[in-house]
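Shared chain: chain A. Partners: chain B in the first complex, chain C in the second.
Up next, the complex of A and B:
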């Protein structure tokens, strides 16, 4: 009992330190903007940021930008999932194809693909198409690599035993390959989703006409700092929410 | 007629040759597509990109821009490693600070940092400083996280036996913790390099007066796909070389574990 009591105390202290750290940061922010004369053009006043945040939520002016960003994300992610899983499955059917293509995709994945954004803008324009294309390209690689890994390295014994018990192609896929590969593919999809979201917001920041990233840049260029901070907080909250949803979906899919 | 089975056997034994074939085929497709199907304003074939490379290097400011970017990458990476190492050790070694601060580090690591890119420009200006700072902000977190994970995996029995044999704190660090940390440190460096590349290039593309971002915007607006593709290829080559260096180092220093 004494042991757990001590551990609980340690846990409580850790939590206290975490909360204290965050509260201290907020207090430092408040004091530095209100009393130490840090320019409001560099760091806006936290209370003001809070009111802007409330205002953004209340007026619902974020809806248009959110709509643009989320539809870009949805199209890009659907496209890269479809293409990545299909191609990955086809490649994984032959060990030879795995040995040919897997290092190729892994090598391409190590290049920072955001470099190609200017080219995508040149080809697809400033609109949503270039964001969809860059988000799709970037999320394609983790998805196809994990699909190849998932389908390609299923324990040989399982396949042989299922075959020897007379499983058809469909049964083999449905009851052996898919359950074995699904956890790996889901992890790849989660990684793909995260990088797609990041790269779409990033490319909206770099060159775009609409979207959440564009709104932040727009406010930054207008030096409307308090509202910009509020928008940044909003986007971070949205991203955290989406990532949590995707992670929990992944966890649920793994459990089955 | 006997040639075909032998060729097939050779190909089966050397997947690398087939891979090379795929790459060559992709370049050929690109060449054909860019030559005859796509508007030359938007895309140029690889042959003319290669041919225009020397001309691109003649453009005033390009060698300087490449040098600046390389320098930014190097400084950002060095700073990430040093800061990440210090933070990683001070967060990871004492159990108390690991419990307290690790969730905060993971929270920060999980936030999409591109959203605060405009802030970096406002704080650090449009020169190299903001690119380095943004690169560091992308690079340190993977390093901290992997170092903490590496320190955490340390078997307590190793620490206990070293202490019971009379090692002092420095000796414990030097002969137990440090060698144990090396593989995860290099894994962290590889991930950190990926982050630094992403951060620096993002910031470069966002705003730049003399660096790469200036020229990519210029070439895009002037519809010069030749030069744009050439510049991107040079940068991609730079990224591949840097990544590969760190990856080789990782493999080299992780050997003792096996």
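Up next, the complex of A and C:
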């Protein structure tokens, strides 16, 4: 059909521009480091970065740091999901509790919690525990807020009609409240996941003993710029992969 | 058996809020009425006259401040899913379930054995003309089809009583007429007792065996008018002299009450005359 053909053409053009932009950046990078004399200490040469990337993958030396970062992320995210969804559900059961806690958590969500990192390091040490705590704290807020919104603002007619047909408390939860709230909660979880990943890698670069963020800072301090860039590319790839997985899980959950 | 009393309402009074509260509203005052099996009773009246309140008291969704309601010989103290099914104005279908799942879910809540649910759901959907739309989601249907599905869900529960709270209120006039005709056909085959809240005079006369006209706040039944015309009723009924006479009679009764209700709400907001139209909307 003409309509879809036109839309496909538009889609191909915009994709082309996007790819072209990225390729342009790479070319600019290559030319500036090889022909325009940009210092390799400030900006390493892309081909070198590529070979370092290949070396990192081949030797598998990233495994320990990746393991540390992903474990921190998994524990922090599981913790904030469990606590955020449980507390959010309990608060959503009472209009009074919603009035009290929703503005409170919304206010706290707007505070840049990463500022408390030095405090977290003092309390929990330089190891993974402080990363888990900061990632867990930061991702807790979008999750609990979306859980309160999801369970707290279910269309009243759904509940009244289920009750009029004799739904028990469990049936009301399983067949009405949960499916009504799930799409909203999943969006909160995706947002929570993104901020947990950001804050954990970010805090690893500030104060840590291991992890991908720690490795990147370590290489920067050793002036090993090409390898540092290779690690940055690696982290970007991991983050993009994880975000894609989480987004597609969210989309699947929303469709139901 | 037709003629047997299915719903017995005695001296029901309901107010929202406490006596000395500024927002205290006497919604319903000393109302009594019986509805027999096989009968369709329409409740009609100005906005806020308590007709929906009465419906919710009958359905056990509201505890009356005083008075009693008996359904199938038992006092009503909460929802009675085995005896009473509801059709709401809108938004009562779950958007995350298909039409068939929605109908089956009602029976799951009511406690119908699993083996029976699908066959009964399909039968009910066929009766309302939705046999080809069982796997559609509510958002994929028109407003009229959604109300048909809600009606199918209520019918599948096979209760003796059906309470309908402005079920066609959100639909356009044409869809409303067609649904009204189809409802009349469906109802001629059952001996359910039906209470139907509406704002539309024509709908009341077309569907009802009796029409209860409410007075303005505090609401109570001012007069009951009988419509002697067998079901199913045909479109020709609408153009008959009988229909026009009854409709005009209802209009005369309602007109004064709507004026009174508007005057009262104008005095409440202490701001002189209010804009017209407040009577028949909302």
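Just so we're on the same page, the second predicted complex is superposed on the first by the 240 of 256 C-alpha atoms of A that agree within 3 Å, B and C clash if a C-alpha of one lies under 4 Å from a C-alpha of the other, contacts with A are read in each partner's own complex, and residues count from 1 in each chain.
Quick note on the criterion: a residue touches a chain if its C-beta (ideal position, glycine included) is under 8 Å from a C-beta of that chain, and two chains touch if they have at least 3 such contacts.
Treat the numbers as computed from the prediction; the structure is a model and nothing was measured.
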Partner contacting more residues of chain A (chain B vs chain C): B
Partner chain in contact with A:171 - chain B first, chain C second, else both or neither: second
A:157 touches, of chain B and chain C: first, second, both or neither? second
Touching partner for A:99 - first (chain B), second (chain C), both, neither: first
Contacts of A:88 with chain B and chain C, given as first, second, both or neither: neither
Touching partner for A:79 - first (chain B), second (chain C), both, neither: neither
Chain B versus chain C as contact partner of A:180, first or second or both or neither: second
Partner chain in contact with A:114 - chain B first, chain C second, else both or neither: first
Where chain A meets both chain C and chain B, residue numbers: none
Interface residues, chain B side, partner chain A - complex: 12, 15, 18-19, 22-23, 42-43, 96, 99-101, 103-104, 110-112, 114-119, 121-123, 194, 197-198, 201-202, 205-206, 216-217, 219-220, 223, 225, 228-229, 232, 235-236, 239-240, 243
Chain C to chain A touching residues, read off their complex: 59-61, 79, 81-82, 84-86, 88, 90-92, 94, 96-97, 105-106, 108-111, 157
Of all residues in chain A, those that touch chain B in their complex: 10-11, 13-14, 17-18, 21-22, 41-42, 96, 99-101, 103-104, 107, 110-112, 114-119, 121-123, 197-198, 201-202, 205-206, 212-213, 216-217, 220-221, 228, 232, 235-236, 239-240, 243
Residue numbers on chain A that touch chain C, as the complex places them: 155, 157-158, 160-168, 171, 175-176, 179-180, 256
